[in-house]
């Protein structure tokens, strides 16, 4: 089976730079592939994408050695298993709010006896090799999003879920959950304190931590705080922002605000 | 944030005429946009549409000032939140059968602390404005479909669900639920009695009521009964019916039955 | 090979009622299929359709026994041959303005030695049978559109093009060509005179004549004038018109103008 | 209503040969339609297909008299009802693990009072006839997949679920569930023993049994064991295998392994 | 008819800032719509787009008041007329190399008697209004690309083609044509000299001039040289460049080269 | 620039095994990619594919090191240049019937001064590298199809067209052109004689020769005759044939005829 390069980066002591895909088109994805991301995540939750468009985006990612990940719309086994069968090497699951939800999520990503994933890896075998099934339980990454009151309350139990590889923070939702203003690169002390508590808790129990960030600088701060994978903006945010800046500079207007997202 | 024109019509004492989209194509939708509907609903339940096609239909609606709504396939937070992120200004949720189900539905449509909607309004921000998140809880409409035995039994509790804006009757399913023949414009006394009970109950508790109808005349009767929003037929029903009538008139045959639906 | 039912209708002395598809979606096409058309034409010229969408529309037509036709965007052999390979049983070619253009068109529809059509009938074989190639030259219908100054001037020569089965009048363009106002059901005496001249000339030389019409009544007038095939309106025209009428009747407004098209 | 030919075959004492569609394209489906399958199943679980692509595949199947079935991604009423509204004549539901799950599945396939299917058969009416709703509860087939530990434990109760027409074995998952190696045509004695127990139990309680097989020979063995419907391979498995064999024979290389799947 | 805002800007003495769409997706287009472009051009030549994708991109542009333009793949009347019927308010035609070619191009954009455009403005009427045909010849813009040896030689005759509104320079091809290195913002004296000769010649004969540029600064220089419309980069160029810069800044690498294109 | 592996195979004295894609879907293409083809040709002529589907098929091919080629629908510069910009490393042009037509074809594939290809290699640069334009004239392969009376008559002149890399025989059309029965693996002596004359003439003038074949055995015969590249069947032919054989073997019926195509 093709190795999961994100696991390799981590085991070499490195940090992973993750790109975020919300535009439902394989050519937009191939444009993103031109940059040197370690992984690209097809976002089926807040991205404007469902399975029938996601599939061709995975083909675009497969024109490169960038690792394909997906965020699913909800903790629902049907779509989790489909994204894995389609060749994703990791799943980011939103709004995990309890240990029990986390177990249900992780189980959907693992073949028996570790989990209850159903057998049928059509494209995964094409992408990863004929021995995919034998190794998938070891290679596929599971990320539980920590972004709700429930998750913050049950954090210790969640991070110890057998088979969970990493937590992943959605700073906007996490902020809303604790009554702070949403922000991709938060400045609120309470939000930052929770974000730090998440990574510390994760690392203490031997798992990894990822997070959304709103700028390269924000990502560098999170890497310094201990995060292992940072998402920096998204294709749609980058495109809107670049277009607005181009028009403004052409007209001689003031530069507009930078990109927003990822969500 | 762009105002929700359906709320405005209602607060001005008006009635809303809603169109129904079951053909999974943005050009068919733009054809429907040529008529003077107050709102158009993308039907992901009985319409032949899922998310990847629905998205471009919403773009077609956005070429006008018609309010975009969606009916989701089921009371499932993943698809509810995706339709909202994509710019829908209201969600019609089928087969709400209890107060608890209704709370789960409404919660999926509201950001914390009112609900548990996840933050990430990509296209909603494009469509509605940069301040979307601040106002979405006040503008987005929630419609709980009343069409099952459970809903008829639990009606009083359902209409008092905090954050619920309206009930919405599916007369075919409602008729089936009480053992009457399905009909878009029902004539069965028992069915009509239940339909009237729904609107009376809703208005008594200060919320609105919408309903499917099978003809302009059926819609006018329902407006007179007190309904605030009527859906009149659907794109596919209109097209099939117009095509059949055209062929019959060209051949000199008897006029066939009128349009069916919406479903 | 499956028979071409339009040829059969004509040889039985009948008239053909043709529907027109301008919405680029196979479900809209299947809605049209519910009516009793003799043939349905996928319009790649003024319809909002090119090949990649037309193909699935042909599949929708193939769920019935309605004869599939196509109007091509221009007299260009690449697209003519592709539509035939995809299973169309006739081609309507716009803006044929000379005998030479007509020969080029007809040649693209016939295998050697009658023409220069290239061999490769993938879907045509699926749709029509394994012996398609042996019979295609006899079954496929060729319609040359008469709608330009050149065509009106060269009419006698055009109708005698070997292998041409029929002329087809576009009344809007024909009217524009002679300086009259465009109309789907023309009332201008000069336009009607030319329209009659076309059918008379065609029939005199033993070929058939088809025409666009804007209403069942318009079609019946053209059948009486001698036309063998009438197109009555289009899917998009029918849908826009039905939607407008529905909204107007629901609001109690005056009925809007009827459908427009086909183009 | 159009008859369900699979029911007819069975009542005539015959066996059904089912094809499997995992390529998300209506032309690939129409290629499969050229063979003499009794039914074709659109696989929304391990196939690379979700609803928006499945719909046009059903149109391709409707160009023939082959019976359209679907496997859904999970036991979720939204997608089950959508596939039925789209004209499927049977649903194969994966990973049914208890009597309660089976009841939920079957209920989603039946209109009240037998179940809780919602009314709105747009394309089903086009495909099957205007009287679809009156007969659908009798014609639509329900297949519960038996492939988990839970299902093997609760088998007797599952097969007696009112309204369940058949069980369907996924041999790969069933093997994994009992700790045996996955195989489309299993040779493990324990796996074969369980596969035989499933068909015997089903037939004892008067319902049918279907199964995946990895070759024509495997299918024939399962027919002999008593199975009523066998799936033989899949479109993607057939295509990969035929392509590999063609290249190998052209180069003079050793013949590669045969097709894999269905999953 | 809706006014052509580019004509208004010009008649008010203004300059037009044009965006360029090469990603074949309506959501990527809607992202571009968020910026304050005066017009957006769907590129069917070097963009990765043909008609079936271009159509939904036009719908995305129609969610705003930005003027929709298209560049066609070649001087071929079929595609020119289709893009106009679909609602484009201007056509940029590549590689016009003679007066005769220019006349053929302009004629395809004008209804008789000025040209030979065929009548059938389906979506154009939806977008621009019911009186579209009466005004289209006055509102639709025609841009002839000047980028070949032939065009440079025949420039005086080309710019005097009746009905031609503007020339449009492709600096890369123009440079290749004169043996200079291709560049979006050329620095070669010979290339710049030709570019200046084009705008001077155009303005002398009372028509307008547009041009590709590779940066806001390049655009401002061309505006100063007299150009009336400048294209600044493209969606795919902006996205690739923004992605590369984001990754480089996150990793602390040197900033990569800026965006390339438009082509 | 990425090397053109077909050129390398030839310069190493090898033969190229080419696969043929007529199913308009990127997953079907990725299934074909699993076999060890040297090149895969997207067929826009007789395949059921136009540009908007071809593009994603090229992405599927780019997940491997197989060389992407395309056959265009006709000798028309618009589509030839688009396929090259999209990353094809060679173009097969049908029905070249004269030296002049061949020059027009080859010119469309070469940047000035060798030809008149327009500059704008969006995806070609992504696929092949930033230095694509500098090397494309040397790497891109041009195949002129020899399959008409005209081509057979003008063969000597055609093969000497500057910049032409290879001829390519369509045996079905060639047979039709000389009045012989069409066949993928011809047995007619006259047809074989002409096929041999083509390869001999090509090699005499230092260019290569490719050909369609209907079986591995047919391909091997053509390699022995001197052909440098053989296409063996097509995806749709392989799939139909494999499906028919599977059903027949399952039912115990006689084996049906083998695959047909490529066309």
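Per-chain residue numbering starts at 1, and chain names A, B, C, D, E and F are given in the order in which the chains are listed.
Quick note on the criterion: contacts are C-beta pairs under 8 Å (C-beta built on N, C-alpha and C of every residue); 3 or more make two chains touch, one makes a residue touch a chain.
All figures in this text were calculated on a predicted structure; none of them were measured in a lab.
Peer 1: Where in A-D, D-F or B-C does the C-E interface recur, with over half of the contact pairs identical by residue number?
Peer 2: Checked against C-E: the matching pair is A-D.
Peer 1: More C-beta pairs touching across which pair, A-B or A-E?
Peer 2: Output for the comparison: A-E.
Peer 1: Per the centroid of Cα atoms for each chain, what is the distance between subunit B and subunit F, given in Å?
Peer 2: Centre-to-centre distance between subunit B and subunit F: 52 Å.
Peer 1: Mind checking the centre-to-centre distance between subunit A and subunit F? Centres are C-alpha means, answer in whole Å.
Peer 2: About 41 Å, centre to centre.
Peer 1: Got the subunit F residues that touch at least 2 other chains?
Peer 2: Those would be 24, 27, 31, 34, 48, 50-52, 55, 76, 79, 123, 236.
Peer 1: Applying the document's contact rule, which stretches of subunit E touch subunit B when the two form their complex?
Peer 2: Residue positions touching the partner: 26-27, 30-31, 33-34, 55-56, 59-60, 62-63, 123, 126-127.
Peer 1: Contact residues on subunit F for subunit E in the complex?
Peer 2: Within the complex, subunit F touches subunit E at residues 50-52, 55, 76-79, 81-82, 85-86, 111-113, 116, 118-123, 133.
Peer 1: Of all residues in subunit E, which touch subunit F in the complex?
Peer 2: 22, 24, 45-53, 72-74, 76, 79, 94-95, 147-149, 170, 172-173, 176-177, 179, 182, 236, 261, 263
Peer 1: Within their complex, state which residues of subunit C touch subunit B.
Peer 2: Interface residues on the subunit C side: 17, 19, 23-25, 27-28, 31-32, 34-37, 48, 216-217, 219-220, 230, 232-233, 235-236, 238-244, 246-252, 259.
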